[in-house]
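Mind looking over this structure? Questions follow.
Chain IDs A, B and C follow the sequence of writing; residue 1 opens each chain.
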Amino acid sequence: MATVEEKAGSGDKRVSEGTLRDFFREMLLIRRFEEKVEERFRAGELPGFLHVAIGQEAIATGVCAALAREDVIASTHRAHGHTIAKGTHVNAVMAELYGKTEGCSGGYGGSMHLYDVEVGNLGANAVVAGGIPGIVGAALAFQLRGEKRVAVAFFGDGATNTGTFHESLNLAQLWKVPAVFVLENNGWAESTPNTQHSPLPIDELGKRAAAFGMKLIEADGQDVEAVHLATLAARDHALSGKGPVLLHLRTYRLTGHFVGDPQVYRDKDELKRERETKDPIELLRARLELSDEDFEALDAEITAEVEASVEFAKAGTDPAPEDALKHVYA
Amino acid sequence: MAVEVKLPRLGQGMEAGTIVRWLKSEGEAVSKGEPLYELDTDKVTQEVEAEADGVLLKIVLPEGEADVGTTVAILGSEGEDVSELIAGAQGGNGGAPAAAADEAASEPAKSRAEEPRSGSEPQGSLAAPARRPGERVKASPLARRIARERGIDLAALTGTGPDGRIIAEDVEQGVAAPAPAAAPAAVPAGEVEIVELTSVRKTIARRLTEAWQAPVFQLTVTANAVELVATRERMVELLREGEVKPTVNDVLTRVVASALVRHRPVNATFVDGKLQRYPGANVGIAVAAPSGLIVPVIRDADRKSVQRIAADRADLVSRARDGKLQLADLEGGTFTISNLGMYGIEQFIAVLNPPQVAILAVGSIEDRPHAIDGKLEIAPTLTLTLTCDHRAIDGSEGAEFLRTVKQFVESPALAL
Amino acid sequence: MPELTYREAVRDALARALREDDGVFLMGEDIAEMGGSMAVTQGLLEEFGPQRIRNTPISEMAIVGSGIGAALQGMRPVVEIMYEDFLTLSMEQLVNQAAKHRTMSGGQLKVPLTVRTQGGAGWSPGAQHAQQLEAWFVHVPGLKVVFASTPEDVRGLLWSSIYDDNPVVFFEHRTLYPIKGEVPEELEPIPLGKARVHREGTDVTVVATGRLVHESLAAAEQAEADGISVEVVDPRTLLPLDEETIVESVKKTTRCVTAHEAVTRGGFGAELAAVIQHGAFDYLDAPIERVGSKFAPLPFAPVMEQHVVPHAADVLEAIKKTVARA
């Protein structure tokens, strides 16, 4: 992971420009993928219930790039980005959304249950906070076996109000297991704003770590470099034996809760403002000073990649109906 | 890795089959696709092929009947220990259990600790049941089964179970005092041949009994067959080397098929209370095979030449006689023709071939007087009798169909 | 053959698995120094140390959930939920996670987790410490459910549960811990999904689980005196269920009683009755009778508890109903 360099003599770490360009490519891939998913869903091609994470790409990319392949993650219902960033090919993700056997969960999971154990993805969870305790257990297994691996749970601000979250972080800190709890704080629990779901001001949700005596690391979730550096620090801490970390990342969901959500609960002007000022891809593009030409060339390449994933998925194999019962028991 | 050879389901509705003989013996090497054994299903006897390469390590069911999915043999590599698989197969749903179940069924319900009973008079069939006419007879499922098997009328029994329910023991008691039966018929002298029904025969029995319950009516016409015979003769004259000689019945099959697609109410099946009327005619022809009556199907007969129908028919009949038909040969018929003309039968009534809604019985061609242009002439004449399922077809529909058939028989060119 | 109590038999299976396999570890409330609320894990901390005999906070969701996570990484955790009433607190993880990971991942994952728990009435604990909730879990595809009634069974079945690659909810009955029984010298694993015929008979089959196995055996003795021959079958594993043994038994006897301590309505007996009426319809000579608790949260006063919970007398009455005459 030679993603980080140090400014000579200063001790300040930063992400190299080459790596940032790689991040940019992946973030744009996730964005275009999710836009395509929205489009195909609206065209009636995709069954089920879909949630995109447009606006939150810097977290998926910045966090997963800081993890080793053998580190594991548990994702949420908003899982496409995490899954792609952890190393699953867009073809396998798209095929899953089309319910094909070539999908990363063989057509058994769907958008809310993307799994890819090979690359350390223990699955996306459709129950808010449902994946967090499993991550504590995975980290406990690493600790008991003396393995240098971390287990990472993604969840949103809504999850911090569940008993599962509190029980899990309490236990993780008690046993000092090598886990990182990534709080993707987009300020919304579905349609309920943070003012109605959290007694703490939204930017202070990280304070919950203090209740468990847990290490808190915070960063701007729209700045992929900040996310990445914060995750590297969190991973180091977790592996040091000092215990897990709550990694609090403030972010913005620039779309509805689900694909097709009319967002009647949201102030249109504010959303417009957020789209103009908080888009992590636009922010990074400006920082990298990408020329329009370079951007368009890259975009065309990525769009073709996404288009190809749709073709791949559509050409995929429909599962045999009777295979529905194949994996009920091991 | 050893694999279990399981009795396959070879067609819709197949539940069981009877292994007739093995074509490989234990210890013999088998390649995938090689015939492994002969299976007699309720429709045909056919060879079943091996689904994998290997050595036939164990024949679990050497012959006899078994349910679909039963393990009948074990394939594996030479010397492999398959004792566990064998034990599993034999202990599981193997061929033997079918027999075991029968045994259990025929075993009379156990005698139980006798409980004191008010007035233990025999519960024979003469005892007046305390039941109003038309009142439901309460009986346990076991009692119902025993009664069914022994042909006992439950309504004639008095139940001793709770609420007057007839329980198994009541039926047993009822049997103990059977109503006086008619004197047994005198058995003719000489050895009586007992014939076990083959599964084909059983199926015939079941299906024809079923068919007999349908409300049917028959319509008969006679047709001047002079053109039909002439057409067939011209075809025979023009025959090329190696082609099958068409029969009158082949020509008839073709013209009937043409009539069928013009009269779809007759070209139909009746399944689950629904009629399915077909745009094309798959005509079944009744064949007397050694194992019993069998009806292979000539597909798309309305779109085939007589020559092609003759070739198909010859192939099906020869395979039927050799017991080599596949299930696919027997499925999908939309109408059946039964022809007993070759036996000199002038006219007869055929029984429906369900789920089809009609069947045509064809008699022999006889010279009969016809009034032609006011003069009496002798012409070859065919008698056709259509049996119709009245649930599906009305008299006028059947009659219209038969009128078309008559026209086509008398002027085959109209149909071809 | 050595004699063990049911409690010792559970402990013996745990200790042997812990000795044999580094992947096995225990988690639960009060299981370390205290040895568990039922003293089942007594002495294990001394032998295996605090890394493998782990006291937990009172966090049922996290106990089961972290067990799942460790199981996903190839460990074989055995977690203890102190009372099955508290399983309700871990329901989300058991039902939505443990049971479904394998299917949702298209077969990529397995969850070799054992959740031990216990419950049962007979000691006036009131409504929240004695429920019998096994039937709830039988309704969840992906879980296995075991309910052992003797020392020999509990040892052999717990071993098989620990080594099963699926999540198993393992029910023990509180009042059975002190009962004694012979067990084989060497632990003999009992396969999940095999019923046990405790007693053969010809007139009525009683299919019983947990404490009611013992009540049914007592009822069978009494019925024998009245000239009724009773067969007693314990499914032992509720999911998967050994339907064949049960159906064959009823085909033989033609009558059946189901018996468990859980409330009758929607209980496991209902599932048994459905299986039996289907598998042995033409053999039934009487309606299937069900024995279970009356439909009420368990009251505290001993006389009321006694009234709600089924006993041998209730089983005997049901047996007699099946052979009754008008």
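Here is the rule we use: contacts are C-beta pairs under 8 Å (C-beta built on N, C-alpha and C of every residue); 3 or more make two chains touch, one makes a residue touch a chain.
Please read all numbers here as calculations on a predicted model, not as lab measurements.
*Asks:* Between the chains shown, work out who touches whom and classify the graph as line, ring, star, complete or other.
*Replies:* Contact pattern: an open line, chains touching in sequence.
*Asks:* Taking each chain's centre as the mean of its Cα atoms, which chain lies farthest from subunit B?
*Replies:* A
*Asks:* Whole-Å distance, subunit B centre to subunit C centre, using C-alpha means?
*Replies:* From the centre of subunit B to the centre of subunit C is 50 Å.
*Asks:* In angstrom, rounded to a whole number, how far apart do the mean CA points of subunit A and subunit B lie?
*Replies:* For subunit A versus subunit B, the centre distance works out to 63 Å.
*Asks:* Where the CA atoms of subunit A average out and where those of subunit C average out, how many Å apart are those spots?
*Replies:* Taking the average C-alpha coordinate of subunit A and of subunit C, the gap between them is 41 Å.
*Asks:* Using the touch rule from the top, collect the residues of subunit B that touch subunit C in their complex.
*Replies:* Checking each residue of subunit B against subunit C gives 104, 109-110, 112-115, 117, 140-145, 159-165, 167-168.
*Asks:* Along subunit A, where are the residues that touch subunit C in the complex?
*Replies:* 72, 103-109, 113, 115-118, 122-123, 125, 127, 130-142, 144, 151, 163-164, 167-168, 170-171, 174-175, 326-330
*Asks:* Which of the residues in subunit C come into contact with subunit B in the complex?
*Replies:* 202-203, 226-229, 251-252, 254, 281-286, 321, 323-326
*Asks:* Which residues of subunit C touch subunit A once you look at their complex with the stated criterion?
*Replies:* Contacts found on subunit C: 25, 51-52, 54, 56-57, 59, 61-75, 77, 92-93, 96-97, 101-112, 141-142, 144, 165-166.
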